[in-house]
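These are the structures, in structure tokens.
There are two complexes below, and they share chain A, which is joined by chain B in the first and by chain C in the second.
Showing the complex of A and B:
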């Protein structure tokens, strides 16, 4: 953990070596997601609501999805770029050090520039929490935290899965971006607004629905859902176990071929 | 041998450990310099990288400071250690790389082409330093190189491997004797019209002040040649060359029908 913090400081130090570029990156990243959200807000304003969800309710799901996505992008950039590290031999370098490989990969990159988007996500989330029509009680706050954690775990697992594929092939990485970036877009709205088959993929295969939809139904008291709906983000842990399993298998087989 | 690859067959035991099985334990005691894959952080001074490496290898503070001081002195890094790595020359960077790989006092140091592309000063400094740590600290150094002068400067015993078989085990001068006993001697002497005539020696060229002689040291010894020569002319200067080590090794490979 200490090592991770120190690596982070080092990355920040490297980034601010180029001051102008650094400031521009932060502003650009903040603007990019802000603009996208303003765009959908304008649409929402003219529709009033989507599928019975108010603006604040939608923003709550958007905020949770964005927050999970941006934190993993910020802290897990090393995994995101792992295919490059396999290609340029950084992985070999890491293997010659007496530390855990996963930790070292995480330490290898850190994007402080994403802080702009992180601020966006926090602002949206806070705005939604305070304007949404929910009677907050202890359990509901707990469910909200669970949703946020679930979102982080889920995006992180997708990133880990993407990185794992680099052990077998370093091509076609864009496909995994469809799942992570696309997943963020999809889960920015309650998945009930989509077609059934599409919603099913994002519930049973990649469990975004468990993070954003079922607990949301509980929070908003829609359709009298049972109380355990609030706990569904726990499912993401299973997804994480699977992806870290794949990661470990990949790491093992890399060592045996070394290609 | 660095613990990255698994062998296709056979076993590899170094320092009582199997590198690819007890990776973490094993790599604590080795240092690795890959020619092309830097371990220094590009945008910050090498010194900052050194401190991060201390954390990666968990070197105790006192020990680290001692080693660091020693390395700065031995590799003459005092001037360059505070300059961002990206501004260093190749030779300066290589010296920093080597220092970086020795901060945790490894028992074995692997160097992959440490002198490739270096200027003459750095090349000699690197060679001298490798010899020094080997003698003073007893560090085993394993290096790959295409520069035969590296080999000449660094090793006493040579084990030649070709096509998976051991071809030769012995000293460099023994190889010379066996495969390239030819010596070329050029001598300058006071003005004379006398023809030089020494048994078993070819006079390649001769004028009034200078002669080039060629002989086989298995048939006639160097000092005998000089003795004969001194009787016939008044020697002013003598240079003796043996054939370059590249040629010797190349000849060995052709002799053994490996290529």
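Showing the complex of A and C:
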């Protein structure tokens, strides 16, 4: 843990060294999510609502998705670029060191520039929490925290799965971006607004529905759902176990790409 | 002219080699298109009067996905970018070519190549989708011809804009940041986040005052019939004027920048 904090600090120092460049990167990352949200706000305003969900309710799901996505993007950049480490042989160097490989990969990169987007996510989330029509009680706050944690766990697992695939192939990584970046967009809205087959994929195969839909129904008291609907984000732990299993198998059978 | 044309040919041939990346790209764009349409479908279920009819919107989104590589603003030719950052650019000046048009043709080629690889599969698949989500035929033959003309002219305008940003990069070491800010902002004002007809009054006026919408919003809305033929023909003049302005400005800035170029390191 100490090691991770230390390397994180180093990366931050590195990035801040070029002041103008750093500031511009932060602005760019903040603008990209801000303009996307302005877009959906314009649509929400002109249509009034989407499938019966109000602005605050949509901002809640958008905020949770964005927060989970951006935190894993910041902390998991090493996993995101892992295929490069496999390709150029850096992984072999890591393997010779007497430290945990996963930790070393995570330490290899940290992207402070995404902080602009993180600020966006936090602002949206806070705005949504204070304006959404929910009678907050202890359990509902707990459910909200579960949703946020579930979002982080899910995006992190997807990143780990993406990294694992580079043990077998280093091409076509863009496919995995459909699930991570695509997942962020998909789960910005309650999963039920999509066509049934599409919603099913993003609920039963990649459990975004368990993070942003079932618990949301409970929070908003929609359709008298049972109380355990609030606990469904726990399912993401199963997804994480699977992806870390794949990661371990990949690591075990890894044979260097040579030279 | 011949030298630049041969660059275009060569780069297209190189670009066409990346077939696997193109397949992944097609899948990604298809996914985004489908997702966006389902989202808009949920909005349209409310049954409120909209500035774009449902089938206009569907075609607009599929065209946007099919020609993404042609119209997107964050398109970076990493070779040019790296050559400025690493100082390789000094070798380019040895060549007996105008560097502005040399890069311009390089960019043109990589845009055309990546579009050629991707647009056909997306168009073909989206024609055979269930009728609710299908890409429709153009509004009329005139609209189709005008669509091709404006798309083609828009390409030259967007290259001119990109070159303007490249020429500004000579004055700063923080090019990545500038480029991503440009990509995000231009995309928004071009109608890449939401189509311009949906925007409220002030924003719409700003969009119309800026050149970005002439690259994607204009040709796509002509195709679907959301912009009349008469208005489309008028817009061609505006496109030409903007293209001339940005190419001229880019040339002037580039000339000044390269006069006192300092290559960092060696």
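Throughout what follows, the second predicted complex is superposed on the first by the 254 of 259 C-alpha atoms of A that agree within 3 Å, B and C clash if a C-alpha of one lies under 4 Å from a C-alpha of the other, contacts with A are read in each partner's own complex, and residues count from 1 in each chain.
In this text, contacts are C-beta pairs under 8 Å (C-beta built on N, C-alpha and C of every residue); 3 or more make two chains touch, one makes a residue touch a chain.
Predicted model, so just to flag it, every value in this text is computed and none were measured.
K.L.:
After the overlay on chain A, what do you see for chain B versus chain C, clash or fit?
P.N.:
fit
K.L.:
Looking only at contacts as defined up top, I'd like to know whether chain B or chain C touches more of chain A.
P.N.:
After superposition, C is the partner touching more of chain A.
K.L.:
Looking at the overlay, what does A:126 touch: chain B (first), chain C (second), both, or neither?
P.N.:
Neither chain B nor chain C is touched by A:126.
K.L.:
When the two structures are overlaid on chain A, which partner does A:205 contact: first (chain B), second (chain C), both, or neither?
P.N.:
Touch partners of A:205: none, neither chain B nor chain C.
K.L.:
First (chain B), second (chain C), both or neither: which does A:238 touch?
P.N.:
Neither partner.
K.L.:
When the two structures are overlaid on chain A, which partner does A:177 contact: first (chain B), second (chain C), both, or neither?
P.N.:
After superposition on chain A, A:177 lies in contact with chain C alone.
K.L.:
Contact-wise, after the overlay, does A:195 reach chain B, chain C, both or neither (first, second, both, neither)?
P.N.:
Once the two structures are laid over each other on A, A:195 reaches chain C alone.
K.L.:
Hey, in the superposed model, what angle do you get at chain A between chain B and chain C, Cα centres, nearest 10 degrees?
P.N.:
One gets 90 degrees for this angle.
K.L.:
One more residue to check, A:36. First (chain B), second (chain C), both or neither?
P.N.:
second
K.L.:
Using the touch definition from the top, say if A:141 reaches chain B (first), chain C (second), both or neither.
P.N.:
A:141 sits against neither chain B nor chain C.
K.L.:
In the superposition on the shared chain, how near does any CA atom of chain B get to one of chain C? Answer in angstrom.
P.N.:
Superposed on chain A, the two chains' closest C-alpha atoms are separated by 9 Å.
K.L.:
Where on chain A do the contacts with chain B and the contacts with chain C coincide?
P.N.:
Residues common to the chain A contacts of chain C and of chain B are 18, listed in rising order.
K.L.:
Can you name the residues of chain B that touch chain A in the complex?
P.N.:
Touching chain A from chain B are residues 2-6, 20, 23-25, 27-28, 30, 32, 34, 36-37, 39, 41-44, 48, 52, 55-58, 84.
K.L.:
Considering only the defined contacts, which chain A positions touch chain C in the complex?
P.N.:
For this pair, the touching residues of chain A are 18, 20-21, 23-25, 27-29, 31-32, 35-36, 38-40, 42-43, 45-51, 171-175, 177-178, 182, 185-186, 189, 193-195, 198.
K.L.:
For the complex, which residues does chain C have touching chain A?
P.N.:
Within the complex, chain C contacts chain A at residues 20-21, 23-25, 27-28, 31-32, 34-35, 38-39, 41-43, 45-46, 48, 50, 172-174, 176-178, 180-181, 184-185, 187-188, 193-194, 198-200, 203.
K.L.:
Which residues of chain A touch chain B in their complex?
P.N.:
Against chain B, the touching part of chain A is residues 2-3, 6-7, 10, 13-14, 17-18, 88-90, 92-93, 95-99, 104, 255-258.
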